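One chain, chain A, appears in both complexes that follow, with chain B as partner in the first and chain C in the second.
Let's turn to the complex of A and B:
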């Protein structure tokens, strides 16, 4: 029974790590720039397809992950400068519409280039085998996800809490006008943050392809999950989105094991009730940290 | 049909020439719709589809355009209306009018209940709650195969003749007239609503809810009322879809459907009612004509149009005329010495 519980926990945490890596960029941009970005899933999807393309051609897996971060980062930076910047001052409706437009464009382009069928990322052999972890054997792939997710979380925490960049970021979130007044280049900060967020989304899309399978509808299908992580955690709250990602991963896993009939809507019902109970999210934060 | 514009106070105070122009403008979409009936031949069902989407987009205009409620869950009411009409015809009776009323009531009640639960929230939280609503209903529809047929869709609908005389035939003439009449009724209701003090108060709530509350408007109740009405209207569009195709697909409940209807409305222009007409028609034409090149190209074009609309054309295609006039005026000014 205990080992079964641990299995569910590991499944939930590894799933939650994927959700966290993809969503953390979104929580910062939504908290920092007040941008409702429904196109975030597209960057994850592009990262996944890039990694899939490289690994299917026989390329190195880690090189593929790196490129899966670089390409979404470049695209994200370009998108920020060209289409998102005029959006900051407009209302939510304009933001929702424009970013849905990007989702449509990304979905159509991916379908045109790669076809409408699921597209696998080829993981190295040692990741696809199960390994012995004491009380049972467990897929190495999921342990890898937990490891990478943990490293990303710690690195981000350090970056935001202890670096100059993090200090500037927190300052800009708290008061962008004041940050400009003391001479910070907030525009560059925004673009940089957007690129980091998109790169992480790409990494999550590529690494998590074994859980959130890649297909052209990815961008629209899973963006609800990513938004849920951000909103439930509290917009702009780094810790909140980590907790929310873990909680959602575990709840969804429990749902799949015990209530396989109700699993799909169990998640949304949870979110619905949670948001009615706490409209500002679990850990509402004015600042990123 | 021309009764509608004469109730417009703006039209009665304007000059005779512009009154005639506005009358023509109001009559035009309906004349096109009636004319299409006689010239369409085999493609009449496309016209029916367009009118269904016009009705759906118009219902969204009431909540999103006039009341400023940013929702992505409007497909829930469309799909529930379609399923309600379909299930009514399978389990109770085949009369389409009664089935239609049943669908309108069910989706209206659903709108009031879900609206009452979530309308006190605003912004992103509200948006997420509408997403959660439509996702819950979609997943339930997918799961409850015994009721909805799951992702195979609802099959085996029996649709009887309207008023016991007009059979739904293979050429879709009955379905076309049926859709046109329903659309016109809802248009009149909407027109009356948005020109009424109630509609004006919605306008105020969209612009400044706090001030409206301060001057004594029961903001929450007004929003709930329009949310319920728009839900009933979307359900009516869903019922039309179910009756005209005798089939309800799970996709009618999906988030993508919400996205598509929003695109139509925004393309056409919000807060004009007729924006829905232009948007839905253009969307259909674009989808139809680009589908020849590639089955996915339309999505690309629609996405591109959406981005361009937000960046350059805030009022939608209905705004093109005004922008053109402004451009012309600037051109003439710069011409003068």
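Let's turn to the complex of A and C:
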């Protein structure tokens, strides 16, 4: 019984880690730039495809992960400066329309370049085998996800809480007007943050390819999941997105185990109830970043 | 001035008189998904049709000796659903004046044109949509692909014959998945087997870890999967191995999940999987070799066949034969009558025929096991069940009126 409960916990947490790594960039940009960005999943998808391409060609896995972060970061920075910046003042409808359009462009481009069939990331052998964790054998891949997710979470927490950049970020999220008044270079802050968020999305897409399969419709298929993590956690709240991602992962796993067909209902009913109770999210940005 | 007009009119009339003797065009409207999650279906259809017409020519000689060009007009459903498919069919019939409809990768799309086919008297050649009851929806439907029960029943029979007594079913939660679940359970329990558990996964599920845990606890001899070919199948086989089911000796049974064209996404975990299917890609039928060679020539080394290619090839063959026999202006039902009595002895899949009563396909089912040859995963035939008729039609005879 205990072993079974721990298995569900590990499964849920590893799934939640993937969601967290991808969604944390989205929550920060939504809270910081107040930009409704439905195309965030595209950066995860691009990161995944880049890693897939490199590992399929025989390249080193960790190098692939690194490049899977760099390329979405560059693309994200370019997109922010050219496409997103004019949108900040234009209102939500324009942002939704444009970012959905970007998703379609990304999907069509990926289909054109890589084809419409599923695209695998080749993980190193030691990650594809189960390892003995005492009470049972468990896939090493999932433990890897938990480990990397934990490191990313801690690194981000440290960055946001203890660095000058983090302080500026929190200030700009809490009160953007005051931040500008005080003289922060908000443009550079926005672009830099967007790049970091896109890099993390790329990492999540690449690492998480064993759970969220890569194919051209990836960005559209999973956009709801990422948005749920952001909204339930609270826009702009790093801690909120962590908690929401873990909750979503664990509830989804429990639902699948006990209710199989009804699992999605369990998840979305939970989201519904949570949002009724806390419309601004579990840990909204005003309290702590 | 009038003199000039008269001269121009005379010239135009004589020209059009000349044009009347050019090849007549018989248009076939092909409706499928070319973009979105199901984009591979439309692409595979189109490539196979191009390949067929490259080998056999675009024209046929009608009964009066005149050349008729068979022209395919393609429309993309863009994953928009059956309403769009119906709208495209209307547009094709009214504006493009197609004489037949073809394609239809998804069952709801195929079913959406039942009324139109009867109103406009247009034959519909179904090249994939596998729900068993579709062909009963209109007397103009002819299917050249397969039905799910047709594949699943021989698989259950093979399992019993090979000492598999307890099976856990993990099927995808959509109409074909339900068909598969029902028919496997029916046949397997009829022959004395036991279903120790079953679960339905959401159609796009790729996170099977939890489902695998449940399977392990039920301790079956084999896991029967029915998942859409592509990322769900790949994810399931991965989880099957990762969670220790393979190591525990639980066999893996399926139907369309190990198609050759998807094999690139699998790892060694897939070796040993047994599937029942109507087309084994590396078979040595002359038409199959021809199709593969032509596809590689026209579309590159990576081009491959799958059931979409084979069905499109056979469907095009059937259409060519029908027009050659009856000319371009016969009545819809006459074409259907011709097609339903044809035996296609040169199909890439092997022997096949169309049921004259149900207008559905009758074909061999091949039991295959996945093996690794020359570093690639291939399906190797281990048994053949000849000329299987769709079990659903047998169980549900048409109401006689």
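We adopt the following convention: the second predicted complex is superposed on the first by the 287 of 289 C-alpha atoms of A that agree within 3 Å, B and C clash if a C-alpha of one lies under 4 Å from a C-alpha of the other, contacts with A are read in each partner's own complex, and residues count from 1 in each chain.
By definition in this document, a contact is a pair of C-beta atoms (placed from the backbone, for glycine too) under 8 Å apart; a residue touches a chain by one contact, two chains touch by 3 or more.
All of these numbers come straight from a predicted model, not from anything done at the bench.
Applying the stated clash criterion after superposition on chain A shows that chain B and chain C collide.
When the shared chain is aligned, no partner comes close enough to touch A:57: not chain B, not chain C.
Using the contact criterion defined above for the overlaid structures, shared-chain residue A:164 touches neither chain B nor chain C, since it reaches no partner. Judged by the touch definition given at the top, the superposed model places A:264 against both chain B and chain C. Residue contacts after overlaying the shared chain place A:142 against chain C, while chain B stays out of touching range. In the superposition on chain A, contact of A:235 is made with chain B only, not with chain C. In the superposition on chain A, A:36 makes contact with chain B only, while chain C stays out of contact range. When the two complexes are overlaid on their common chain A, residue A:103 makes contact with chain B while staying clear of chain C. Of the two partners chain B and chain C, more chain A residues are in touch with B. Of the two partner chains, neither chain B nor chain C is touched by A:2. Of the two partner chains placed by the overlay, neither chain B nor chain C lies in contact with A:182. Steric collision with chain C, judged by C-alpha atoms after aligning on chain A, is confined to one stretch of chain B among 43-51, 97-105, 115-123 or 277-285, namely 43-51.
Judged by the document's definition of touching, chain A residues 107-108, 111, 116, 216, 261, 264 lie at the interface with chain B and also at the interface with chain C. Looking at the complex, you find that chain A touches chain C at residues 4, 7-8, 11, 15, 107-108, 111, 116-120, 128, 130, 137, 139, 141-142, 210-217, 221, 252-253, 256-257, 260-261, 263-264.
Residue ranges of chain B in contact with chain A, taken from their complex: 64, 68, 70, 72, 117-118, 121, 123-125, 127-129, 131-133, 135-136, 139-140, 142-143, 255-256, 259, 262-263, 266, 294, 296-300, 302-307, 309-311, 314.
Here chain C touches chain A in the complex through residues 35-37, 39-40, 43, 173, 199-202, 204, 206-207, 209-211, 213-214, 230-232, 234-235, 238, 242-244, 261-262, 264-265, 267, going by the rule given at the top.
Residues 30, 36, 83, 86-87, 90-94, 96-98, 100-109, 111-112, 116, 216, 220, 224, 227-228, 231, 235, 261-262, 264-265, 268-269, 271-272, 275-276, 279-280 of chain A touch chain B in their complex.
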